Amino acid sequence: MANLKLKDVAKTYGGTINVLKDINLDIKQGELIVFVGPSGCGKSTLLRMIAGLEKITRGTLEIDGQVVNNVPPAQRGIAMVFQSYALYPHMTVRDNMSFALKIAKKSPAEIEAAVAKAAKILQLDDYLDRLPKALSGGQRQRVAIGRSIVRDPKVYLFDEPLSNLDAALRVATRIEIAQLKESMPDSTMIYVTHDQVEAMTLATRIVVLANKGIAQVGSPLDLYERPNGEFVAQFIGSPAMNLLPGEVIGTGPQTTVKMGNGGVAVSDYPTQESDMGRHVKVGVRPEDFLEVATGVDFIFNGKVNITEALGEVTLLYFEKEEGAADPVIAKLPGIHTGLRGTEVKLGATPQKVHLFADGKSLLYR
Amino acid sequence: MANLKLKDVAKTYGGTINVLKDINLDIKQGELIVFVGPSGCGKSTLLRMIAGLEKITRGTLEIDGQVVNNVPPAQRGIAMVFQSYALYPHMTVRDNMSFALKIAKKSPAEIEAAVAKAAKILQLDDYLDRLPKALSGGQRQRVAIGRSIVRDPKVYLFDEPLSNLDAALRVATRIEIAQLKESMPDSTMIYVTHDQVEAMTLATRIVVLANKGIAQVGSPLDLYERPNGEFVAQFIGSPAMNLLPGEVIGTGPQTTVKMGNGGVAVSDYPTQESDMGRHVKVGVRPEDFLEVATGVDFIFNGKVNITEALGEVTLLYFEKEEGAADPVIAKLPGIHTGLRGTEVKLGATPQKVHLFADGKSLLYR
Amino acid sequence: DLKFAPGEGGFNWDSYNAFADQYDLPGQTVEITGPWTGNEKAKVDEVFKYFEAATGATANYSGSDSFEQDIVISSRAGSAPNLAVFPQPGLAADMAKQGLLTPLAEGTADWVAENYSAGPSWVDLGTYEGPDGNDALYGLFYRVDLKSLVWYSPIAFDEMGYDIPESMEELKELSQQIVDDGGTPWCIGLGSGAATGWPATDWVEDMMLRTQTPEDYDAWVSNDLKFNDPKVVEAIEEFGWFAKNDDFVQGGAQAVATTDFRDSPAGLFSIPPECYMHRAASFIPAFFPEGTEVGEDVDFFYFPAYEEKDLGKPVLGAGTLFGITKPSEATSAMIEFLKTPIAHELWMAQGGFLTAHAGVNPDVYAEDSQRAQGQILADATTFRFDASDLMPAEIGAGAFWTGMVDYVTGTPADAVATDIQNRWDSIR
Amino acid sequence: MSPMLQGFITIIIGVGGCVAYFYGSNLILDKLIFPPRNDDHGRNINRATLVRPWLFLFPAIFALGLYLVYPVVGSFIRSLYNRSGADFIGFGNYTQMFSEEGFRTALFNNILWALVVPAGATFLGLLVAQLTDKLRWGNIAKSLIFMPMAISFVGASLIWKFVYANTPEIGIINAVRNSIGLSPLDVMQIPFWNNFFLMVILIWIQTGFAMVILSAALRGIPEETIEAAIIDGANPFQIFFKIKVPQIMGTIVVVWTTITILVLKVFDIVYAMTGGNFDTEILPSYMMKFMFRDDGRATAVAFVIMIIVLPVMIWNIRQARREMR
Amino acid sequence: MDNIAGQKTSLSVVTNLSVILLVILWLIPTVGLLVSSFRSNDQITASGWWDSMFGVEESIRISPEPDGVTRDGDYYVLSGNLFAGGSGSVSGFGITAVAPDAAEPGQVYARYSVDVTEPDGTVDDTRVEFAYDADGAGTLPTEDDEGNPVVAGSEVLDRSLQVAENGDFTYISDSDIRRAPSVYVTTLQPPSFSLQNYQQIMTSDNMDRAFINTLTVTIPATIIPILIAAFAAYALAWMDFAGRGFLIAMVVGLLVVPLQLALVPLLQLHNRIGIGQSFLGIWLAHTGFGLPLAIYLLRNYMVGLPRDIIESAKVDGATDFQVFTKIVLPLSFPALASFAIFQFLWTWNDLLIAKVFLPSNSESWVMTVKIADDLLGSRGGDWGILAAAAFVSIAVPLFVFFAMQKYLVRGLLAGSVK
């Protein structure tokens, strides 16, 4: 039912604090768009502008082809989960959830059913008659989610809806949201999250916001596999992609890069003759690193500083090299103990080796 | 400086709502204890009792051997990050952070330095002169963290300090906290989180709260590898461990279990003769599943319902069997596409196969 | 800077000099509170200046609208002034009974009896029962108000060819004639905030004096004559003859109850006249429009008595009295000062002052009209003090007031009178 | 010394003394009496915690006790004595009073006042607070509506004489009636309804009070809840009645209570407008009739007034209990 | 909130209109008072304030000086201008107060003595008055007021008056004009306002002194109770101790104590302990009387502050004193400001307490006492002064209101907790 189109949208607070500019985005009906981006980059602000809670300073927002800059929130057919919950403090959980339905003059039976269903999904059955102040943080967040899912809006806006939930519930709720989405293929959802897994699993497309604008838009795998620049490359995936300086020494459909301290990286990124000798950054995700035997070509070698055993995988933090902003991190499958302090050589398959020059990916030029 | 000892601690709200009971816990000086548990299980409450913000209904809390049930918060030498931030709305970020130091009559220079340092770590330099209301959710949370780390307390209490931060910042802050901890080996930290990775990477020991009490206490790997029951097994690790019903058909140092639809599981869990024929649950973590070829012994086979490609790994959701609460999930390394709707057979190495009877682990009897 | 240079004019300077010679009290202060504010305060301050000049003491006078309340509070709390000026004897009697007043020096009673015209009655009015149950003189009257006056506009009377009525019968005829001529004879206003109703009590008292004997009047004051006695009811209805007739009063009978007494004379001065007569006490010129000259724009005549009743020329009056709330040497001196003719003359000369002191020189009256009022006083065959001021406060400053309002707004006279009598019974 | 300077110094001393007490006493408590040192560290802190509330409360309790409780108790005792204060007559004053028509009228009127005025003023105050909240000239509107608060009761009564006076030249109501050809009417004399015309005056004054407090409360409502309601599709009325009003219910109770209590104290209006005539007497003005004449009776009325407030008090105490939980 | 898109203009129009309506309703009485404060007492009682803005047709009596009377046959003639030395415009005139506009300017108004035949047949003499145009001869009415026929030819001119619009008049009388005759004209009186009332108030002796005294009373009497009450309110809202509920109940109960009950015992007490009537005494009195409301209002506000913030401060090591001064007090500004406004108003307008607790000499008069006791014409009848006084004394409280209003801010707590 709802296509959204943002055209050159910008937001300025108090006339001077410039928060967003040049936002251009087409959201198709039925998409689930996830906004990600560093804290404070304007995700909530963008969501609030779409909801109509914040005036759009410049540009236009269209819903289904109609400019709605001046349409009040109630007429936009949206539901929203607020980052700060925004529960009605004087109403019980039940009343919080049924408020919108009562406003819409739904029948009591209908309301009852909708609330019961949402409460079941969110495991809130026992708390329906409590006031928000007697709930835990996570429970409050669930009520906020419940409030939006009892309604049947054209567009759902979720501002970090799961941040206070425990892992199990988070997975469960995430799946609920995915199913909700699936059961209503026509409704559009916009979702802000900091959780990579959420972003990756839920999104039809991910919008990475950074630096007051959109850094890249694309499907999760796109962003993961083909980031258009260093920012997105490092932002998507956790721990962040390692970026190592090098110099192009072979071009063609595959590119060879000479690394510092003797390593050599081969990437599937194609390059032209003219790129020869260019200083580039070689990007390898921690999980793409492989331990290589001595003698074999390695991309990086270094001394392990810290190891973190996560069960299925182990994180290796290498000692930070001079000049580097972050230490190199590798994520090796299985449990590795006793590596601390030892020298480890790492390589990667050419598909997994990304190349960037001047912050931009060499794939996108 | 600070050993904490909780003895038979219990909490009841309003005389009737029983939230916690029989909490016994020794926290040694210098430990970093992480509380995890389902939303609403009482983590914040426990933290608040330790801080002295909530009366202890029954039992005693000792700090360094002294019962402090009645000592006011200010005298307990603690710093706390509130789940709800609890920023001072009338103070700028700078004043929020320096408040405690001013109270403690630190010199202006000292304060200035401490605030600057914390602001740098938390990337708040640009916001020091703003009021909380002009901050984003994540920025507010960072201020709340900043407020605690500028101080030098005996005990740090963190209530989901990172839930609103983006992945990069979250990793960075997590590492900061780890380093902070390392630089002050004497200070004790208690940390509530929903993030498995946080829990696993930071904790000296993890306390799993459930069902009004402590389910298990142990080091992260302990909990991951040797959960004492189904609850902990499913709670730690994400997606949760799969539990499949079976019947013991072979005992000894290794145990053989006959599964439904023809599968056989072999576990390193030792069993006795008497266990023969016992109905058990076989637990396999999604990441421990391996795809096995036809003909080879498999533990589970089923039709793939959904796949989620996360980049480095792919999640397979199988169709839910009748009677099972949750679908079986497998996490296979690499990118697998086109599996949807196909039949897949899964097995696992014996070390990774857990056995539970009546909800308890067969290891702990 | 004394207002009248000593030694000049018709003042009794001898009495002043004699007083001045007798007292020398530098550094002492007399605190006085009273009901006079504004203009009147300015005038009395002038008088006190002579006391200061004569004795070297300081006299601090402060006036208040809510004097009755203030004086009770301050004397009970123990921070009373030295002297209080009571607007009516009732309150003074109350306070005397509670021991909050000090009796005047012995011999004062004799002095008043001798030196005031109709002296003994002034002594009676100032004599109350003390806390010990013994009667003593507590109050010295200073300034008298004449209440039996009807104010009118001579020009209007002239133009309409009306004559000043010599008897109550003529007054009633005149009232009727004015109505016949298309005018409204009377302006009556009972409004006075919390004290609403009191102007009607003056009417009724005047009517009492004109329909009943002075003895009945006295009996009424002491409630030996019940309030609901037909005699009293008759007097009330006499008042009603004027006030409850829509044609006779400006705005109709309904307006009587709420029109403020201070605004009520205004009708005399409007063009065309809203009314031709207004019965009010001698202080009413204070509320005439600015620049009004008594004698020219407005004048008064004696509120006449019935010719047929043959009760002479009764006059209703009231007065303020000084009582000692905190004795001191200077306070006694002040009382002595008030006994001198000069103390009375000094205010007489500023206007708006009548006195019962027989030793004053009438020449110093500021206006002829005052002299005329003095003449009415002198011609009186009967002088009676305002009854409501003498009744217990619950009646005279309570039930009587509200009863009158009830009466003019419709309750029959006997019902009103019975109500008031019941109240009176209940406070015994 | 110039009076200006003198006044200034007195102000400094007065206010400074007060500040010094709080600051000093806390300092002394913490540093001298129960210093958190040595071995009794914890115990001393606990002791200080026990004492501190009373330190904070002491001046208030002292002043309240001296300036209110003491006179009230004294007055209660006085109300059991007769007019002169010499004879103990038990509840004689009370029984006597209840047998009087005048008192019963006053009581009835007063209950009417206590119901109508707080309701009217609170409602209008809430309305104004809400309506002006977003207006660009809201502050001006508020100041204008607040203005009557700044006028003394006597001034206010005077103002309303210009409205109610029964002559068309002075009273605006009758001027209007006159202009449409109706005969003048004295609204102060319309039985029963005249009470309401008097109440209008107090409502006119007190709306400003309600408005100020309620508008502060309205502004304290978390904006997100309103935004959430907007998104939930609530129209402005629903937002107002279902979201805003319930959230400031506590404040509404406060305003209501305060005005009720004021109603039970204010005698000036009735006093100045009708002097209690035409059956408009209310208890405070009834009391003033006896005040300083028959103290036994006056104090007895005062206690009847206090009893009228009892329901409001209980309501408040309940509310406070609920909050403390 | 002000940022929400698409707020309906129709709604805002309705809001604006209804506020305007309310404000007007509220202002009508006040404007009346304001206008009245510029009028003299006589004007106030003579016409409504709403008429004062415009010129009013008013009838006045003018008595021209009888100088220069000339004789014309049997008659004495006086002529001149009614507005001697001034100007004006006559819209009607007459010779009696009863009919001040009997004739129009330019006409002649005459009174004749005539004989009439009464219904019973007797002939009586009476007077008829009528107006006619100056250029034409008047026709005598055939009946008098009562409808009795006039005996023809019996008329004798008594007096006549002719007035032109500019005030020129000719007065003819059959008897010698020795006293000034009364001529009534109806003219348009220009609106008349003056600062007389204000002048009288502002320039009266010692007004500056009274003003300072008022401030001396008001400022500490506002601040001290707020200070004391704020501490008490904090204790009652956020500190845990036995008897808290009882104390709260007591405060609510004491709200209702009528002041009058307390005056006498307290003044006695002050006298006994040596405070007597003094500024200290009145501060204490105002403090005592203002406290219950202050504690009540402030406590209710403070209870509503987010618990987490206060706890956070406690964890940060703040003592109760510091929590109070550094956190609760600044966050309670709206409540403090509201109460400050009210306490200020109350003490500013107070007359009773000032009279009881301050010495009654003019040195220590506050403004209310000064106005009530000194300026108001005797017995409070001077409405003009009262109105002006009300406005003079409104000024400072309004200023306080404006100054404090900015503390009644929105979103003080925004961003502090989730």
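A, B, C, D and E are the chain letters, set down in written order, and residue numbers restart from 1 in every chain.
To be clear about the criterion, a contact is a pair of C-beta atoms (placed from the backbone, for glycine too) under 8 Å apart; a residue touches a chain by one contact, two chains touch by 3 or more.
Quick caveat: nothing in here was measured; it's all calculated off a predicted structure.
Peer 1: Count how many hops through touching chains it takes, at the least, to reach chain D starting from chain C.
Peer 2: Tracing touching chains, the least step count from chain C to chain D comes to 1.
Peer 1: Please work out which of C-E and A-D is bridged by more C-beta pairs in contact, and write that pair.
Peer 2: Pair with more contacting C-beta pairs, C-E versus A-D: C-E.
Peer 1: By mean C-alpha coordinates, which chain is most distant from chain A?
Peer 2: Most remote chain from chain A, centroid-wise, comes out as C.
Peer 1: Would you mind checking which chain's mean C-alpha position lies nearest the centre of all protein C-alpha atoms?
Peer 2: D
Peer 1: Considering only mean CA positions as chain centres, point out the chain farthest from chain E.
Peer 2: Centroid comparison gives B as the farthest chain from chain E.
Peer 1: Once you find the CA centre of chain C and the CA centre of chain E, what distance in Å lies between them?
Peer 2: Distance between chain centres: 29 Å.
Peer 1: With centres defined as the mean C-alpha position, give me the chain A-chain D separation in Å.
Peer 2: 56
Peer 1: Compute the distance, rounded to whole Å, between the mean C-alpha positions of chain B and chain E.
Peer 2: Spacing between the chain centres: roughly 72 Å.
Peer 1: Determine the centre-to-centre distance between chain A and chain E, using the mean Cα coordinates as centres, and give it in whole Å.
Peer 2: Chain A and chain E have C-alpha centres separated by 68 Å.
Peer 1: Which residues belonging to chain E are in contact with no fewer than two other chains?
Peer 2: Residue numbers touching two or more other chains: 4, 45-46, 266, 319, 411-414, 418.
Peer 1: Please list all residues of chain C that touch 2 or more other chains.
Peer 2: Residues 73, 193.
Peer 1: Of all the residues in chain A, which ones touch at least 2 other chains?
Peer 2: If we look for residues of chain A contacting two or more partner chains, we find 52-53, 72-73, 84-85, 137.
Peer 1: Would you tell me which residues of chain C are touching chain E in their complex?
Peer 2: 31, 33, 35-41, 60, 62-66, 70, 73-74, 76-79, 81, 155-156, 159-160, 181-183, 193, 260, 262-263, 266, 270-273, 283, 286-287, 289-290
Peer 1: Considering the complex alone, what residue numbers of chain D touch chain A?
Peer 2: 222, 224-225, 227-235, 238, 242-243, 246-247, 249
Peer 1: Quick check: in the complex, which residue numbers of chain D touch chain E?
Peer 2: Residues 3-4, 6-7, 10-11, 14-15, 18-19, 22-23, 26, 30, 49-50, 52-54, 56-57, 59-61, 63-64, 66-72, 74-75, 124, 127-128, 131-132, 134-135, 138-139, 141-155, 158-160, 162-163, 168-172, 175, 204, 207, 209, 212-213, 215-216, 219-220, 222-223, 226-227, 230, 236, 250-251, 254, 257-258, 261, 264-265, 284, 287-288, 291, 298-299, 302, 305-306, 309, 312-313, 316-317, 320-321, 323-324 of chain D touch chain E in their complex.
Peer 1: Touching residues of chain E toward chain C in the complex: what are they?
Peer 2: Within the complex, chain E contacts chain C at residues 40-42, 45-46, 59-61, 95-100, 182, 184, 263-264, 266-268, 270-271, 276-277, 355-356, 360-362, 372-382.
Peer 1: In their shared complex, at which residues does chain A touch chain B?
Peer 2: 13, 17, 36-40, 42-45, 83-84, 127, 134-139, 141-142, 159-160, 163-171, 194-197, 200-201, 220-221, 224-225, 234-235, 237-240, 285, 287-288, 308-312, 315, 331, 333, 335
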